[in-house]
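Here the chain labels run A, B, C, D and E in written order, and each chain numbers its own residues starting at 1.
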C-alpha cells in the first residue's frame, strides 16, 4: 500500500517506434512492490506497447530497465519470466488447439520425472478457476477455442497468477468479464499487492481503477504525463489527463511538449 | 467441472457408450473415419481380388507400407509446427546410401553404418532446422533446396546411375524377414500387458485423486479389443505363407512390425505425455502464445526437423533393406508425397497444431492398401494411376464428409 | 529348376502362369506400346495364363508387384529390373518359391535368373555412335564439335548407352578428328529440361555444335526444337533411339539423322517362347551365354541385334508392324513416305 | 489521418525518398530483396560465364522461364487462400497433350485445340475446387490424387509413352518465335503509355479529392524508370542474336514476353483493383471474418482453382510449343516444385493472405536464372543438383534476412 | 423508444447445443424497431452464441425465426445481411492482412464499374472513424494488425454502422474502448435506435446498459429468464438476474427450471 524507497521495476527514457511511427516517447515509469499501479490512457496511447516492451516481446529503440535497482536487459518473455514478471496481455494469446489446463500451465508444466503430471495440473486449474467465480465452464479439459470471451479472459488471468512472481501486469483484464467475475479479479489484484507483489493494472474503467489502485500513471499519445497517488486525484482529473494530456497543474505543461516534460505530477 | 452435478467422476459404461454414440452422431469421430475407410478399402479389394485377403498379402502389405509410414511419422513432428520437409524422401535415400556404400566399400559393420546413417539424419535435420528458425527462410524453400541438393548428393554417393547392392545379412533381414513364431507371441504379450498396465495405472490414479475417469468396464473393453485384434493379426502372420512350404517356409510377424509399433508407442508418448510434445502443439497452435509463455520456439523447431530427418533415415534403411540395394532413385519418386499424404489422410493438418503419430500409421495403411490393391486390380498403368488417385480421393472423402459434419455442428 | 514342377506341391498341380513386370512408361514408349502387346499376343498364342504389370519406375512398386504375382501363383516370373538390387531381391524370392525366372531386356547382376533375353544396350549406344559418325561423314563435316545429350543420370541404361557411343566417339576425340563438346545428362529423361540444357549448350559454344548424340528420340526432338529456332535443323545431325513415330518423321524430314530400332517383337517373342518352355518343363535350345560380371557365372541367353534406322530403311520399321503407315504418313508426311518407299 | 498535421496530402519528393530510405533501413523492403537477389545472381553468373550476359542468353532465359512463371501466377491465386495445387504441373501436361493430339489426329485448327485445352483447365479447376470447398477434403489430398490421376490421363492421351509432335506453325511460334522489331517497340510504347496514364490519372484523381498522394516528381520518376528499363530490354532483344546472321536472323522480343506481361497486368489488376481480388486476400487472411462479411468463400475457392488450372493450361501450351512436342514427362519432374518455389521465393506465403502476381515473375526469374546459369556453369549432374539447391537457398536467404529484420522491428 | 406491435426480429424456442453440451435452451427473444434492447448475462451464459445463431454462423437445433412477423431461414451471414442485420462480434474477426478501409468495406465495396473506388471508401472511412472519437490512428491505410485493442474495436463498430441496416447487434462493443470513445458509441447506439433501427447491445457494464437501453433481456445458463422494460427494474435486480437467474418475482421460478419457464417477467 505504500511505495518503498526503490521501485521494484523502473523504466527510464523509453523510446519505441514502429518504422516511421513513434509510439512511445521518453517514457519513465516506476512500479513499487506492495502497490497497485493503474496505467491509464486513451485508445492507442501506447499502454499495450509499453507492456510488450517490458516483457521483451518488442525491442525498444532506447531506454533503460532497472529491476530491484539493478539495470537489466530483457530480450524476450523468457527473460521477463526469469525476473518474476507475469503478464496478462490484452490480446490474450491462448493456444486454441490446447485445453484449459494445458494453456494455464504452458511453459511451466508440472512433471513427474519426464512425464506430465496431468492430474495435479487438472486439480489446480479447476480450483483456480472456481476461485475466479467462473461457473459455466463444463470441463477444464475443454479446448479454449470453445470458450466464451469472458471464459477465455479468465483462463489468461488464472494463468498469470498461478506462479510465484514478483510483478504482475494485467492489460485490461476485466474487459470481457461479468459483474461477479470482475469483482473477483479486482479483489485478487488487491490481494496480490497486499502480499507484496508489484501489480500494474491497465483499465479504461475509472471505477475499477479507483477501487484498487494506489497510484495512477497516465499515458497521453505515447508520453507519460503523470504518475500520482490515487488518493490525490479525482475521477474527473484522471479523465482529463487521459483525453487532453493535462489537468490543472498535472500533465503536459501548457503548449510545450518538450522532452523534459510532465514531471510536475510525479512523486518520487 | 464446477458446474454442480453435471459430471460425476465415474460415469457408467452405458453412459459412456451413449455419449460416444452422441459424439459420433454429432460428427466427432476421432479415428473412426480413417478406420472405416481402411475397412471399406479392404472389403472392396477383397471382393474384387480374393487373393488380396490372404495371409501372404497381409504380410506383404506390412512390408510395403513400413518405410512410408516411418517417414510419415517423422513428418508429423514438422507438420505439427506448420512447417514442411520436402526433402524427407531424399534424406532417406541419402542416409541409406551412405550406409550401403560404407558397408560395401569400407567394409564397415552394419551397426556402424546404421549409426552413421542416423547421424547423417540428425545433422541434416539440424541444418534444415537452423536455416528455417535462425535464418528465417520459409521451410518450403529450405527443403526444396535440400530436395535438389540431396538428389545431387545421392548421385554422387551412388555414382551416376549405378546401383549399390546391400549384402549385409543383418540389414537385409530388417525389410525381408520375419520374427520367429515364439518371438511374435512374446512381442504380442509384452505389448498387451504394457498397454493394460498403463491404462489401469492411470485409471486408478485418477480415481484416487477424485478426478473424472472412465469406468473399469470401458477400460477392460479397450484392452480386450486390442488384445483380440492383435492376437488375430499375430495368429494370421504366424500361418504358413509359402506356396511351396517344402522348399521354404514363410511364417511369422515381419520384423518391420515391432519396429513400427515401438516407434509408434515411443513417439506417441513423446507427443502426448511430455512437456516437449505439448510445446510442439502449442507452437503449432499459436506461436506467439507459445513465445509469450517462455517456450524456446527456435530450439523446438530445430528439434522437430532433427526428428523428422532421423526418422527419414530409419525409413530409408527399411526401404533399402527391402530393395536389397540403393540407387539414385532411392527416396525419390512418390515417396515424399505418399508420406505427407499419409499424414494428412490420417488427420494431421498442414497448418500446424493438429496431428498424432497414429495418423501416420492409419494414413500409411490407407496408402499401402491402395497401392497394393491397385496392383492386384489392374494391369494397365494408366488405369492404375487414375484409379489410385480416385480411390485416394474416395478414402479422404469419407473422412472429410464426417469431419465436415462435425464442423457444421460447431465442433472443431 | 523345372524338373520338380510336376510333382511338387503334394497334389495341387499348379497351372502354368507367367508373370511379367515391366519397368516404367516414362523413360521409353516401348514398354507399354510394344512389349506388352507382343508378349500378350505370344502368350495367348501359346495358350498360357499370364499377367503383365508396370512398376512405373518405382522400386517399391516393383517389389509390391512381384510379391503379389508370387501370391497369385505364377510359375514363371519375367522381369525387366529397375536396378540389379531390387531385381535380385525379387528373383531370390521367386526362386525360393520354385518359380522359373527370366531377365527380360536387362540383366540382373548376381541375380541368377534362369534365362536372359535382351538387346545389347551397349550395342545400342555403339550403333548411335556409328550412326552419328556416318551422318557427319556424309555431310562432309571437318573437325565437328559433338554434343552429347545423355539419358537420366539416375538410369543405369543411360550409362550403358553412353558406354556404347563413347566407345565409338572417344577414339575420334583422342585423334583430334572430332572435338568433344558439352556432355550432359538429362534428369528423368525430361524433354523440356533437355531443351533447356541443349539451348545452353548452344549458347556456351556460340552455336558451334556440329553433331548431337541424343540418347533417345525424345531428347533428340528437344535438340531439334532448339536447332529449328536457330534455323540449324537438318544441318546438324541428331541421333535417337526407339524408332518412335516422331523420331521416324524427323528422319523423313531430314532433321534427325538416325534412330535405333529394337525389333521388340522379336525380343518379346523370344522371351515368351522361353517362358512357355519353362512353364511346360521343356529345355530350350540354341542359346548363347552371357557372363554375369558380378557373380562371374554364365547366364543362358538369347541376344537380339538392334538395328540402326536411317532415311532409307525407315520402311523396314513399318514393314515390321512396329509403327503403322497411318500414324507415320499422316498429313504432310505422305509425300515423304512415298519418297522413302513406304507403301 | 485525423491526427492533426502529421500528414499532408502531398509530401515532397525528398520527403518521399527519405521515408523510403527509412522504411528500407527499418527492414520493410517490398520487392527490393528479390530484385537484389536477381542482380546478385546475374552478376555472379556473368562473372563466372561471360556468355551468360549476352543478348542470346537473355532471350533464352525468357523462353525458358515463361512456362513455370505462368504456372506460378496461377498457383498464387490458390496459395493466397492457403491452399495448394500439387497437380498444376500435370494439369499443364494434360491440357497441352490434349491440344496436341487433337491437332494431330483430328486435324483440329490450332484455335480450337487451344480452346479445348483451356476448357479442360477450367473444368479441372472446377472439379478440384468443388472437392476442396464443397466436400471439404484438404487441398493437399485432392491435388495429390489429381497429381496421380493426371499422370495416368497423360499416359492415356500420349498413348502409353509416345511422343506427340506438334506441327501447327501457329502454336510452334508461341514458344519459339520473336515479335518483329517494330511490333516490339509498339508493344513497348503502348505498355509505357498505359502505365503512365494510369499513374497520372490516379494521382490527379486523389489530388482532386484532397487525399494524400505521391508528388508528381515521384510519379515521373517511376514512369521514367520503367521506360528506361523496358527500353533497354527491348533494344537488347532487338539486336541480332544469331551467331550466323548470314544464315538466319534472330532478333526481336520473344512472343512469350507480351504474353507474360499481359497476364501480369491483367491478373495484377484483378488482384489489386477488383472486389474479387480483395476477397481473395480477405479469405486468405481470415476465412471466418470473410464469411461473416458475407463473402461466398466456397465460390471464391472454386474460382481460384479454376484460374490456377487454366493458367497451368496456358503454361503447358507454352512449354509444349517450346518442346515442339508433348510426352509423358510433360509437366512432370520439377515443374510443380519450381512453380511453387517461384511463388514462395517471390514472397507469397503458403499460409494464405499474402502474395502478388509480380512474385511469380520475380521468383520465376530467380528459378530460371539459376537453372540457366547452372547449365552454363557445370556439366556434372550431381554438382548441378547440389549447387542449384545451394544457390536457391542463398537467394532465399537474402530475402529472409531482410524480412527478418523487418519483423524484429515489429513491421509485418 | 417504444415497442411497436410486432417485433422486428423474434426468435421462438431456440435450442442450440455443441455436441453433448447444451448452450441455449428454449430461448425466446424479441427485439423492436426504434428501441435499444440490452442483452445481459453472466460469462458463458450464451449471449454470443445467441448472436451467432441469429447471424447464421451457427446452425441451431430447433427454433423459429420471425422477421417482420414472417418466418425466415438464416443459413449464413449473407442471409442475415440480406435481411438488414448487422453485427459487431465479440471476437472481432478482422482480416489482419488488410488495412482499415478494406476491412470496413469488406463485402460491400464501393465500385466504379469493375474497379474498386478506393478514394471514396478512404474518405468515408476517415470520416466515420473521426466521428467515433478515434484520434490516434495514423492512417486509414494502416493494416489492422498494427492497431491497438481499442482501435480494432472501433473499426469493427464503424464497419457495422456504415450500412443501411434495420437491425444492429453489438456484442460488448465498448469492452476495449476508452472513456471518450465509449461515450461516443453509446451516443451512436441511441442515435441508431432513434432513427428507427432495432439495436441490441450486449454489455457487462450496468451503467452503460441503463444509460441507453429501453428494454433488458437476461440470459442465465442458456435460458432467457427475463425481458423487461429498463425503467421497471433496478441496477441491483438486473445483477441478481444475471448471477442467480431470478430476482423477486422476475426470472426463473424458485426451484423449477422446466421448459415453460421464465415467462413471468416478459411483457409482450
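Rule of thumb we're sticking to: a residue touches a chain if its C-beta (ideal position, glycine included) is under 8 Å from a C-beta of that chain, and two chains touch if they have at least 3 such contacts.
Which protein is which chain? UniProt says A, E = ATP-binding cassette domain-containing protein; B, D = Xylose transport system permease protein XylH.
Owing to the predicted nature of the structure, the values given are computational and were not obtained by experimental measurement.
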Could you pull out the chain whose C-alpha mean position is farthest off from that of subunit A?
C
Set D-E beside B-C; more C-beta pairs touch across B-C
So, in whole Å, the Cα centroid of subunit A is separated from that of subunit B by 45
For subunit B versus subunit E, what separation do you get between their C-alpha means, in angstrom?
48
Roughly how many whole angstrom separate the Cα centroids of subunit C and subunit D?
39
Could you tell me the distance, in whole angstrom, between the mean C-alpha positions of subunit A and subunit C?
76
Residue numbers of subunit D (touch at least two other chains)
155, 160, 334, 381-382
Would you give the residues of subunit C that are in contact with at least 2 other chains, written as numbers and ranges?
25, 32, 153, 185
Counting only residues that touch at least 2 other chains, which ones in subunit A make the list?
18, 134-138, 146
Subunit A-touching residues of subunit E, taken from the complex the two chains share
18, 21, 41-45, 47-49, 90-91, 134-138, 146-151, 154, 172, 175-182, 204-206, 221, 239, 242-243
Interface residues, subunit B side, partner subunit C - complex:
51, 54, 56-57, 60, 63-64, 67, 155, 160-166, 176, 242-244, 246-248, 319, 322-330, 332-335, 371-372, 375-376, 379, 381, 384-385
Parts of subunit C lying in touch with subunit B, wherever the complex brings them together:
8-10, 25, 32, 51-54, 56-61, 63-65, 67-68, 70-73, 82-86, 88-89, 92, 96-98, 109-110, 152-156, 158-159, 185
What part of subunit E is in contact with subunit D in the complex they form?
55, 57, 76-78, 81, 87, 89, 93-98, 102-103, 106-109, 111, 114-116, 119, 122-123, 126, 129-130, 134-140, 143, 145-146
Contact footprint of subunit A on subunit B as seen in their complex
1-3, 6-7, 205-206, 209, 211-212, 273-275, 278-279, 281-282, 284-286, 288-296, 353-354, 412
